[in-house]
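Letters A, B, C and D mark the chains in the order given here, with residues in each chain numbered from 1 onward.
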Amino acid sequence: MAIRIFITGGTFDKEYNEITGQLYFNDTHMHDLLGMGRCRVPVEIRTLMMIDSLEMTDQDRDLIAHQCSQCEEDQIVITHGSDTMANTAKLLASKIKNKTIVLTGAMIPIKFGSSDGLFNLGSALAFAQTLPPGVYVAMNGRYFNWDNVRKNKQTGAFEEVK
Amino acid sequence: MAIRIFITGGTFDKEYNEITGQLYFNDTHMHDLLGMGRCRVPVEIRTLMMIDSLEMTDQDRDLIAHQCSQCEEDQIVITHGSDTMANTAKLLASKIKNKTIVLTGAMIPIKFGSSDGLFNLGSALAFAQTLPPGVYVAMNGRYFNWDNVRKNKQTGAFEEVK
Amino acid sequence: MAIRIFITGGTFDKEYNEITGQLYFNDTHMHDLLGMGRCRVPVEIRTLMMIDSLEMTDQDRDLIAHQCSQCEEDQIVITHGSDTMANTAKLLASKIKNKTIVLTGAMIPIKFGSSDGLFNLGSALAFAQTLPPGVYVAMNGRYFNWDNVRKNKQTGAFEEVK
Amino acid sequence: MAIRIFITGGTFDKEYNEITGQLYFNDTHMHDLLGMGRCRVPVEIRTLMMIDSLEMTDQDRDLIAHQCSQCEEDQIVITHGSDTMANTAKLLASKIKNKTIVLTGAMIPIKFGSSDGLFNLGSALAFAQTLPPGVYVAMNGRYFNWDNVRKNKQTGAFEEVK
């Protein structure tokens, strides 16, 4: 069965508006990345929202949980802004059982030169295929259980809490 | 414990010589990729050879097997040319037990614009952390057991034999 | 004699801070670009400031004019934010005679994937070598006299006023 | 009036065939480069051939000369392999008067990460707009008269003969 990919925005999909000089969201770059990775894993992609994760509301998180619950796939990758990725993981863990859900993102927009997005996507898809049911964050080449992860705001890296 | 990374060459590490117009090997780009991926997985990197996998000899494969056997790490990623990746996997499976060994590579050199190398490395490191002991090929976002994989020479993609 | 290159900042040299998500200035990327262009034109590079051109003051422009006047080179390229490039050109034209001064910049930061900065630098260095004394803006593959140029804020392109 | 751009191939337009591992020609990347450079110079583009310049015959050069002579534009940029760029310049100079013809190319294919092609194109278009009638080579940020240029095979850079 396919892996479900949900897009929620985050740095991953930000672009640079050359008229205003601001970062903004346009379409997702997921298809470009899967093409670049010569990915042959069957995937079903759906964009749920395109927002900065600092602006994600409880309703947004409920929507993500609802979509994870309703979709027929048991392996799910979610692209998400890094700032509140751990919060969303916690909510999903409280609501979804029996599915492997992996949240990932990027520290640098994919459209910029040296993004970690392609690396993170490769690892997230691999973790989704191999980890037992549960909710995980996949960043920095590692995976973290939903109840033992935080973003270190000084370094930008993810780390265990305990 | 760290993941051991062995470098053997392949398209992954090829560069373009602008004087001769030929592709050649210089240093590995592994460190650049790990930096770009903001990788925080402890790794030990060792270059064993820098060759096109069509030129890999039995002695070369014995050397790789010896290194896999002797190193203290139980999780190993090997970068390798795609053309004979399955051959090396088979030899390693006959000699190494109780370690998780993941071979990966790239269809486009990392130094060129749109390589799959970063994606493949992300997935290979993830598979090395999660798959049980055995020898695997990680390409196209998927993993294959050593005894059920071949490169499709028409499409360039890896596929099951059976 | 060498071409003098003065750096003042602008989009050209902006970078993405992955901790804060903001654009900022670090070092100039001029040396990287000249290396990528295999440039063999003798150049003397000096960074005068690293600012967004919307924040450029009269004192800043006087400093640029002073440096253009004092340097021994007769051919000068200035990297500059696009928003007030025409203003600086006008001031320089009122103060400097007998030198060929070419202002250029970029619509997308050089560090991002698909910048026009390398193209603009190539054209600016060429115009500096071939145009008679005067002050010019080089953008979009074209050159404009200082008294007949403006940035179209809708399209981001430079155009004649008359 | 527009600048005429003739495409003849060369390293500029080479691509990497990931199935065979060989470099080959597909379509020209001229349109991509002009888009990246936000070029607003009116241009007319025509592909005359797609070959390595070491394989360029006398008939090929006659064809290029014929096209330069017959086209209505007086400013012409030709993309060309670097190895015999000076030879073609010499032939064109013997046949075409009263037009400004600028040959340029690249040391690294445009499709690869760090090509000089975008820089060279920016300078070639600028030289075509500003130099008097004649035949020139534009490489390394410089321009050379057709009768005083050669490629240094050791360094890959262009230099004066005299």
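Convention: a residue touches a chain if its C-beta (ideal position, glycine included) is under 8 Å from a C-beta of that chain, and two chains touch if they have at least 3 such contacts.
Just so you know, these numbers come straight off a predicted model, no measurement behind them.
Q: Which chains are in contact with both chain A and chain B?
A: Chains in contact with chain A as well as chain B: not a single one.
Q: In contact with chain B and with chain D at once: which chains are those? Just list them.
A: Touching chain B as well as chain D, we find no chain at all.
Q: Whole-Å distance, chain B centre to chain C centre, using C-alpha means?
A: Measuring from centre to centre gives 45 Å for this pair.
Q: So the centre of each chain is just the mean of its C-alpha atoms; given that, what is the distance between chain C and chain D in Å?
A: Comparing mean C-alpha positions, chain D is 26 Å from chain C.
Q: With chain centres defined as C-alpha means, what is the inter-centre distance between chain A and chain C in Å?
A: About 39 Å separates the centre of chain A from that of chain C.
Q: Mind pulling the chain A residues that touch 2 or more other chains?
A: 107, 114, 156
Q: Pairs of chains that touch, anyone?
A: Once each pair is checked, the touching ones are A-B, A-C, B-D, C-D.
Q: What residues of chain C sit close enough to touch chain D in their complex?
A: Where chain C meets chain D, its residues are 33-34, 36-41, 107, 114-116, 118-127, 129-131, 138-143, 156-158.
Q: List the residues on chain A that touch chain C in their complex, please.
A: Checking each residue of chain A against chain C gives 11, 16, 18-19, 21, 23, 107-109, 111-114, 153-156.
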